[in-house]
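Listed after this line are the structures, all set down as structure tokens.
Shared between the two complexes below is subunit A, which has subunit B as its partner in the first and subunit C in the second.
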Partner chain A sequence: MSNSKSFFEGVVSNNPVFVFVLGACPTLAVTNTAIGGLSIALCTALVLLLSNFTISLIKGLIPTKVEITTSLLIIATFTAVIQLIFYSQLPLLYDKVGIYCPLIITNVVLLRRAIMFAVEETVMASIFDALGNGIGFIAALTLLSGIRELLGTGRLFEYQVFSENFGTSLIAMAPGALIVLGLIIAFFNSVKRARKVNLDTQGN
Partner chain B sequence: MNRPRFSIINASFLFLVVSFISITVLGLIHYCTNENRTKIPTFETLETFKYVLPLFQKVDSIPLEFKEGQETIKVYKAYDQYKKCVGAIVCSTSHNGYVGEIDVLIGFDAKGEILNYRVLRHKETIGLGARIVNWFKSKEGGHNIIGVKVNETNLSLIEDGGEIQAVTGATVSARAFLFAVRNAYLVLLKKTDVFGDSGLIDESNSSPEPTSESDSLKVSTLKGGPNE
Partner chain C sequence: MKYLILLISSVFVNNVVLTQLFGISPLLVVTRKVESTIYFSIVVATVLVFSTILNFLVETYILIPFHIEYFQIVAFVVLILIVSRMVQITLSNFPTFVNRFQDNFFVLLVANSTILGASLLAIKNEFDFLTTVVFAFGSAIGYLLVMIIFSAIQEHLRLEKIPKSMEGYPILLIAAGLLAMAFVGFQ
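Right, the complex of A and B next:
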């Protein structure tokens, strides 16, 4: 698979959130504000990039039976590194969303890309795969949190867009996350189905 | 690619090396970020001071600190170009929020009027309690506190016998916010000379209103329903 193809698959057609519904816990938890969703998604993407790179670099030293354990150790290290940097550079933002930062280790997107891609492919291919999936994850969380913040509070990235009374608090709360995520996945699936029907028609 | 065969020795060696590298990297990053991490983040900047109290030339760099029950209240006195006190910026905290603490910065002029406020820190629910950030600035709906003279207004919720409309569905958060504002005013009144020329001090000494407000707050908190 070419590097550009693996990159674009991660962003759109194999988007980890909207297509595979991976990393649903952080997706639902942090997306009540756009800035929260974006910051945790950025941290996750950075950990994904660093861990994919490292795992593909040392894959020749890892026996198959311990690849999950080794990958987890590497992911945990980079999560702790990113957490320390996040706290030291953006303490005020960390105060709001930092509680979700250590949970990046449990994000299944990272482990999936590590054991399905990084241990098999070259360093360059792993970097492109991590970039694609990372940007896909950032786009998904930013879209979801942006919609929730806008419809829930009338604000976007903490700027008042609509009037104070515009918001529907249900969307900003936990059920709203499930509703909005479900609607976006439904939209993704309908576009995919329409494309498939279109291709089938052209083939006939 | 040929991967090494699994054996206890192989795996132990691998884990040892990876762990050693991990610890070294973490230690290095920990050392490099130590200075920034130990600094206490502050919201009390000149920009936020200007936001809550626009007209001043100079402000105390070291605040006066007072303890009111559980809460610590910081007072920054503000002065004009003639070094006359024009008001104060008060950083007040309430521990009665729905989720935790609510920190508020309030600007009072020398006559006891609230000029503006900013919620510095809170963990209230987005879409409900978090609406305190702007709720009490709105001119409509009977919940505005900007331009209000605290000695002439009962700054409690209507449910508690006061004059202020609570945030819909977030009574506890609104009550905690108003508690912080009242506490800030009481500290300015009783423990500082900010209102020295306004005649408020004598009036307040004869009025038992603030105490009764605090009492009504405690009673209503106990009675509080499931609302946030």
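Right, the complex of A and C next:
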């Protein structure tokens, strides 16, 4: 697979959030503000890039029996590094993300890319794969958290868009995260289905 | 009395899954059948109780006295890995348990943010030892409760007629959202 192809697959057709919903799960709780969603997505993308790079570098040295354990420890180390950098450089943003930053380790996307891609492909290929998936992840989470902040509080990136009475606090709370994510995925599914029907009729 | 209130609040009011949004991915993936969900959640609940208590002890008696708090995440992950491996080895004596999950089992255990999240919450809230134990049990019971309710919902959903583009994850996420709404009502 060429590098650019694996890059675009991560951003569009195989977007880690909208295709395998699971990637978004550990981060859902901080997606009530656009800035929170963007910063956790940025952290996840950085950890993904660093861990994919490292795992593909040492792939020949890892026995298959402890593949999962080794990958997890590498991911954990980079998460700790990113958390410390985040904490010292951007303390205000760190307060928003809080205990959800360490939970990046449990993100299935990281482990999936590590076990299914990085241990088999070359270093360059896994960097491009990580970049594609990371950018896809950032785009998806920014969309989700933007919608939630707009409907929940009437603001977008802390800029007042609608009047202050506009917000529905339910959208900003835990149930809102699940419902909004479900509706977004349903929307993307229906777009995909409509395009498929179009292609089929054109073919005939 | 204080501990009873904490137990009830960690089961219902501050439920780890639905109000903290930890471990949503296993909630969507594993709960296809009530029976296997019960087996899976019992395993997760066991790991959760042991690792939360162990993580608390490591944090208070090793990491803080030696000023190496920055090892927190790595230490917790290693401990969770060890506890999960021990539970897995113990369970291998009961073939009915293990055959249900096979390879995915270990990944689903470690990549489960409920376990790590509960440990981090206990430390963030500055609980003492006994409170941590009560909190760990409460979270485990809350986890079991939500998983079993949700698997029952999913068994019902399979019989319903659902719009094509809502099939799969979207309808499950919305169902989970409605369930979460019920739990938010406790607050």
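Assume the second predicted complex is superposed on the first by the 202 of 204 C-alpha atoms of A that agree within 3 Å, B and C clash if a C-alpha of one lies under 4 Å from a C-alpha of the other, contacts with A are read in each partner's own complex, and residues count from 1 in each chain.
Heads up, the rule we're going with is that a residue touches a chain if its C-beta (ideal position, glycine included) is under 8 Å from a C-beta of that chain, and two chains touch if they have at least 3 such contacts.
In this text, all values refer to a predicted model and were calculated from it rather than measured experimentally.
Novice: Thinking of the overlay built on chain A, is A:T201 touched by subunit B (first), by subunit C (second), by both, or by neither?
Specialist: Neither subunit B nor subunit C is touched by A:T201.
Novice: Could you tell me if A:C25 is touching subunit B, subunit C, both of them or neither one (first, second, both, neither)?
Specialist: It touches subunit C, and subunit B stays clear.
Novice: Report for A:T79: first if it touches subunit B alone, second if subunit C alone, otherwise both or neither.
Specialist: second
Novice: Examine A:P91 and indicate which partner it touches, taking first as subunit B and second as subunit C; both and neither are also allowed.
Specialist: First partner only.
Novice: Contact-wise, after the overlay, does A:G182 reach subunit B, subunit C, both or neither (first, second, both, neither)?
Specialist: So A:G182 only meets subunit C here.
Novice: Would you check which partner chain A:I62 touches, where first means subunit B only, second means subunit C only, and both and neither mean what they say?
Specialist: first
Novice: Mind working out whether A:M173 is in touch with subunit B, subunit C, both or neither, as first, second, both or neither?
Specialist: Both partners, subunit B and subunit C.
Novice: What residues on subunit A does subunit C touch that subunit B touches too?
Specialist: Correct list for subunit A: 69, 73, 76-77, 80, 84, 170, 173.
Novice: Name, in rising order, each residue of subunit C that touches subunit A in their complex.
Specialist: 18-25, 28-29, 70-74, 76-78, 81, 106-107, 110-113, 116-117, 120-121, 124, 163-174, 176-178, 180-181, 184
Novice: Which bits of subunit A are touching subunit C when the two form their complex?
Specialist: 21-22, 25-26, 28-29, 68-69, 72-73, 76-77, 79-80, 83-84, 98-99, 102-103, 105-108, 111, 170, 173-179, 181-183, 185-187, 189-190, 193
Novice: Can you list the residues on subunit A that touch subunit B in the complex?
Specialist: Of all residues in subunit A, those touching subunit B are 32-33, 59-66, 69-70, 73-74, 76-77, 80-81, 84-85, 87-89, 91-92, 95, 149, 152-153, 160, 164, 167-173.
Novice: So in the complex, which bits of subunit B are touching subunit A?
Specialist: 1-7, 10-11, 14-15, 18-19, 22, 25-26, 29-30, 33, 36-37, 39, 41, 43, 121, 125-128, 130-131, 134-135, 138, 169
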